[in-house]
Structures are given as structure tokens and as C-alpha cells.
Amino acid sequence: MLGSCVETVRKTMPLVHNITNYVTVNDVANALLACGASPIMSDEPEDVADITSICGGLNLNIGTLNKSSIAAMWIAGETANALGHVVLLDPVGAGASKLRTQTAIELMDKLKLDVIRGNISEIKTLALGSGSTKGVDADSADTVTEENLDEMVSFAKAFSAKTGAIVAITGAIDLVADSKTCYVIRNGRPEMSKITGTGCQLSGLVTAYVVANPGNKTEAVAAAVCLMGLAGEIGFANLQPGEGNATYRNRILDAICHIDGKMLEEGAKYEVR
Amino acid sequence: MLGSCVETVRKTMPLVHNITNYVTVNDVANALLACGASPIMSDEPEDVADITSICGGLNLNIGTLNKSSIAAMWIAGETANALGHVVLLDPVGAGASKLRTQTAIELMDKLKLDVIRGNISEIKTLALGSGSTKGVDADSADTVTEENLDEMVSFAKAFSAKTGAIVAITGAIDLVADSKTCYVIRNGRPEMSKITGTGCQLSGLVTAYVVANPGNKTEAVAAAVCLMGLAGEIGFANLQPGEGNATYRNRILDAICHIDGKMLEEGAKYEVR
Amino acid sequence: MLGSCVETVRKTMPLVHNITNYVTVNDVANALLACGASPIMSDEPEDVADITSICGGLNLNIGTLNKSSIAAMWIAGETANALGHVVLLDPVGAGASKLRTQTAIELMDKLKLDVIRGNISEIKTLALGSGSTKGVDADSADTVTEENLDEMVSFAKAFSAKTGAIVAITGAIDLVADSKTCYVIRNGRPEMSKITGTGCQLSGLVTAYVVANPGNKTEAVAAAVCLMGLAGEIGFANLQPGEGNATYRNRILDAICHIDGKMLEEGAKYEVR
């Protein structure tokens, strides 16, 4: 039941350590608070081992990586692994630069990741060593469509089998796969791509959801992805004439505050393959 | 009169130098503008002496401290001290990591601070060398309540006497104490804790208020704390069904723009002990 | 036609690389998305050459410069110059510290800049090696007024002739000048100065507009400046009683989403001198 994943987050209020980019960090913090979790940010190598130790999960996002934050990701990642904490990788812009691609691949290869969440171009870069890119956005050549859905479901499952991580590929159609099961999710609105950071927010939410639902991690990831999409639908329905991406951003966060298990059960649009 | 503190900020438009975290920095800047002050951010060690020299106050916030920003805090702090500027310390996450605890204690011990503002867990960490922590949020075991209020008032006064700084402990009940006087403040809403950065915003406001009211600093701190709480009440009253923490954040900042001396006099809920 | 500049941005969706400050970076990203462009942020010296290579324009903003981001600005700037990309400099706080002044002047002297955009105090600092400053805001002693307008138009043209860059001086009256032509623009609202980062947002927009309109760069800069001012007017007209700078910020971004070529043609208030 996806709905129960929502409730466990609100009940257990998981503390999530985020090493994330400075573009969308405020929205990530507010998204975590909105879903009932608690955020903490720290990216100083000398600080992160202590901080990640008191948390339940670690959200690694390379959106504005630098040498110091990469060093912090390694220390935090290894500490979190040693403690059995949840670790998520959001490979923002993998494929757009050598540093991003290499950093993401090394983190993927050497850390034990619970979840990898990215757009299709980023995930293809990690899986295939290639993939086109349009900066931090997915290239349209890569899009998951109804036409290539079977192939993409297989791809997601195979990548999960190879990495041992749950794979979340988000876009017009979202895929959440472990090696055996793939949730195909059709929540969300295309207008969400006109707001910076909905993907980063989702990575924060997913981390919290997996921390709070250790017995059913794949379902927890799917619940978070459905929740974000549903919040996008509710936020869009609440937009007034003349409102645009800034107000839409706020209304999505507002909606996350109010979605409970029952609303998610009713609003989630997915099939399992 | 708390109300006059509001008016002097709007009249004198104090320039505040912030070395603060990248999570809530935008809200801190907008909060300072909302109250009539002017913000500037700089955390490069080679830049901060010049920047702090043209300001009236310095707001030190260790929320996402790193080695470079710690070095900048020392240079800026010593420069501000030499110039007789107002200096505030916001020890975000003290108690949550060795680096945060040690940095906050060293800044407290070696700089002349006008104000220390934090939650009760952070302040206990600085005062007692211990204190439980839940990341950047106060641990419920530490909370100031009606039951332990006398004891906490004495604690706040004693800590102020020891440090020479005005101490602001914010939570459900806020305390603002110098060695002799303690304002017990009951403005605010519990929902403010679902927004990231209301404490950081308050530290910016407090710095501006003390700069603008050098003759009555404790009262100025109390005025800023009441103002933030009152803005939280006004913002909450303006929330519509379905709105959540993102819109609430905006409505609090909006309210700060409109609170004048008379509104604060009427809305402030405090007693002096 | 200013309006056609709006349409080309929406059609071509230029990718803009921003090395910018962490105070207003989220708003810059959302402003670029609102106008139809696509933002990417990167300030790690080892990352920026790759990132800027896939973009059309580079927006250099020294608002929270540090040694690492300055190094990144040089690498990205030289790469962008070698590739013939658009480069804009926003000299935030030039005049407020030696590091800011020197960095801005060196970038101006050694890079080929397409646009320099700042407030009058910052531009005077670059042009004359002096200029008063009030932190990151213009000093009132420097303001462009109806009285000194002829003189300031000549100053802007001369500075453009000297630097080879289009010069955009923004304030109550905005000037956009190349060596021969100066747009005098009277869009906007004074209340925009109570929001942090409207200037930073504008620099992002200007970069995108010049990338999308290579054949008429000065007009493109003027179009972006008119658009930002018009968005400020529309956003202000939509404010409700009790709303303040936070909601105003959102309404301006919202307005940018909706302004098309026809609206800009009708709403732009400018003369050419």
C-alpha cells in the first residue's frame, strides 16, 4: 500500500542529511519538512561524518559539485554505508561534463546505493557510459514514451540488477524499478519542468520515504514519486490566471504538506510490470 | 517601547553583513529588506574585512559552515569587534557535530558577541558543553515549558552574565535575557517549525534591530523576536485552505513588510522577569 | 522590434551557464525558465569548461565571489570567448570591497564581454575607478535622474565605446547603451528594490536574450530590461492588501512566464537617444 508509506514518514519524522546543490537547496529542505521529515545540510568534509551519523538517510546530489563537496560525499557515503543508512544518488548533469559523469559513476561503483534517481539522460549516462544531454534537463531523444516503454522497463530492471540500487527514472512517464518489478507512474504535469528543482526535491523525499519504510523500499520510492506527481497535479489545479512557475513551485510544496495516505491511494496513477 | 525599535530600523536602514548558510540565505536577505534593513552576503576570507567595515552589524550563522567560511567568520568577527560593530552568533546545529560545537564555542569565547541566538539545544550545548540535539532542530527533552520556566529564565540570565552577550533562546516560548532582565515571549505559531529558516531569518532581523537601537539592545532583541512571532501569527491567519509551508513562508515575510511600531506594541505578547 | 526578441528566446530555449551568487541563484534559475530559457549552474574550476561549452551564454555574477569561483569565472570566460559565446558580467558590489572591484575590473579588461549590467554605483566603479557604494545597492548620490540624464546617456555610450560591451545601468531609470545608441527605459516599480535579486535575475534574462538574438544584441538587452520592468509592474498590480516582498517576488516571476512579444511591445516604455 503506497498510502502507508506516507503515514510512516509523518510518524517517524526521519532525519535526512543532504549534500546537495545551492540552487534548489531551500526547496529541498521545505519539501522534506512538508512531507513530515527533517532536513539537515552539511557539505564540509570535516563535518559530514558526524552529521550523517545522527541521520537515517543521505541524499547525494551533484548539481553544483565542487572538490570539497565531492570529498564530503565520499566521507558521508562511506560513513552512511558503514552504519547501514539509506543512501541515494541524484546524478544531476551526468553526461554534461566529465567531472559530473566520472563523479557519479565512481560514487555508484564504490558506494552501496539504495536508490539512484535521475532523468533518463542522466541514467543512460550511468548505465551505458553515454547518453545525450541538454545541460541538467533530459534530451528529448532519450524520452520514455508509450512506444519504447517495454524496452525502457527492461532497461530500468537490468540497471537495478547491475547496481543493486532501486532505479527511479523521472520524466513524463516515471519508472521505479528493482531487478524484478517496475512501477510505471503517470502522475505529474509537464509544467513541472518549468520550475527549477522538482527533481532535487523528489530525491529528498525519496530518501526520507526509504528511511521510513525499510521493509518495502521499492514501494516507498514509488510512493514518493507518485506523491510528487500528485502534488504537481494538485498545485496546478490550484493555479489562478496569471500565475506562473514561482507560485506553482509554492503550491506544489503546499500540496505535499496536505497529502496523506488516503489521498495518495486515490490519486496515484501507476501500473506494476 | 518595543514599537520604537521597529521604527528606528526603518528610518536608519542598517546595513547587515551576513556570513550564513546557503539553505536559507535568500529568505534572510528578504527578511532584512522586509524590516527596512539592507543585507549583504560575503564569505570569502579576502573579501569580508572590507565588507564588514561598511556595515553596522555582522550576522554569523554556522548552518553550512566550511573551512573557508569559518576563516571568514574569524576575520569578519575580529574586524567588526575592532570597529565596535554589532556581532551576532547563530550556532546552528551546535551539538550535532564536533566541528559545529567547537566552532561555535571558540567564536563565543574569543569574539565579543552582542547576541547569541539559537534553539534551546544549541544554547545548552554552548552553555553546558552538552545538550541533546535532533540535527538543526531542538530536542524535545530540552524544551522551555511553563513548568521549567523559572529555571530556564535563571539559566538564560546566567549564560548572559557569563558571556556578556544578550541571549535569545527561541522555541514555543522565547526567552531574551541579559544578566538582569529576561523577556518571556509568547508570540509565534508552532507551524513555523515546518518552514526552513525562520530562526535564520530572525538572526538577521535581530542583528539589524540591535544596530539601529544601540541604546537599548536587550529591548531591541526582544522587539525583533516579538516581530518574527507576530509575523508568524499574521501569516498564519492569512493562510487559505490547501496552503502549506511554502506559502506560509511567503506570508510571514510579507507580514514583516507591514508591521510598524504600533502593530508590534499591540501584538507583542511578553512579560519581563 | 523588442517583441520579437521575446519570441526568439521562447523558440530557441537558449542554455545559459551561470556562475552566480548563492543568495539569489534559485530566482535566477526560475527567471530563466520563466522566459523560456534553460539554466545550468556550475562554479567548480574543473567543471566549468565542459559546462560552458554546451551552453550559448555565460552569466558571471560576483555577488558571493570566492577564490574558487573566481578561478572558475576565468576558465569559463576564456572558454566562452574562444567559442564565441555570449558573456555577461554582473559586478555585484564592485566598489564595496577591493576584491570585488579588482575582480570585476580584471574580468572586464581581459575577457571579451558582450554585456556589463549593474547599478550605477557599480558601473561608475568600473568606468571611473571610483563611485560611492551602499553595499550591493546603488548610492543615492549616483542616481540617474531626469536632471542628469543627458550626461548619463553620454557616460553610458562612452563606457560602451571603451569596453566594447553593451552597458546596462539599471535603477529608477534604466539605460542600455552601445557606443552609438542608448535606450532610456522607464519600466519598473521602486518596490522592486525591496526584493533581493531582481538585478541578478535580470542579468540571467539578458544573457538568454542576447544568445537568442545575435543579430540585434543591443535591442535584445533593451527588451530584457523592459520585460523585467514590465513584469515588476504587472506583479505589483496583482498584489493584494497585506502582501509584501516575498509574494511580490513570486508574482514578478509569474509575470515573466506570461509576457509575450505583443505584451512587451505594448508595455515597454522607452525612448532611444
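For reference, chains read A, B and C in written order, and residue numbers begin at 1 within each chain.
Here, contacts are C-beta pairs under 8 Å (C-beta built on N, C-alpha and C of every residue); 3 or more make two chains touch, one makes a residue touch a chain.
Being a predicted model, the structure only gives us computed values, none of them experimental.
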Overall pattern in which the protein chains touch one another (line/ring/star/complete/other): complete
Classification of the chain B:chain C interface as same or different, half of numbers criterion: different
Mean-CA-position distance for chain C and chain B (Å): 33
Touching two or more other chains - residues of chain C: 22, 26, 249-250
Contact set on chain B toward chain A in their complex: 21-24, 26-27, 63-67, 93, 96-100, 133-137, 194-197, 242-247, 249-250
Sites on chain B touched by chain C in the complex: 15, 22, 25-26, 29-30, 33-34, 38-44, 46-47, 50-51, 54-55, 68, 234, 238, 249-258
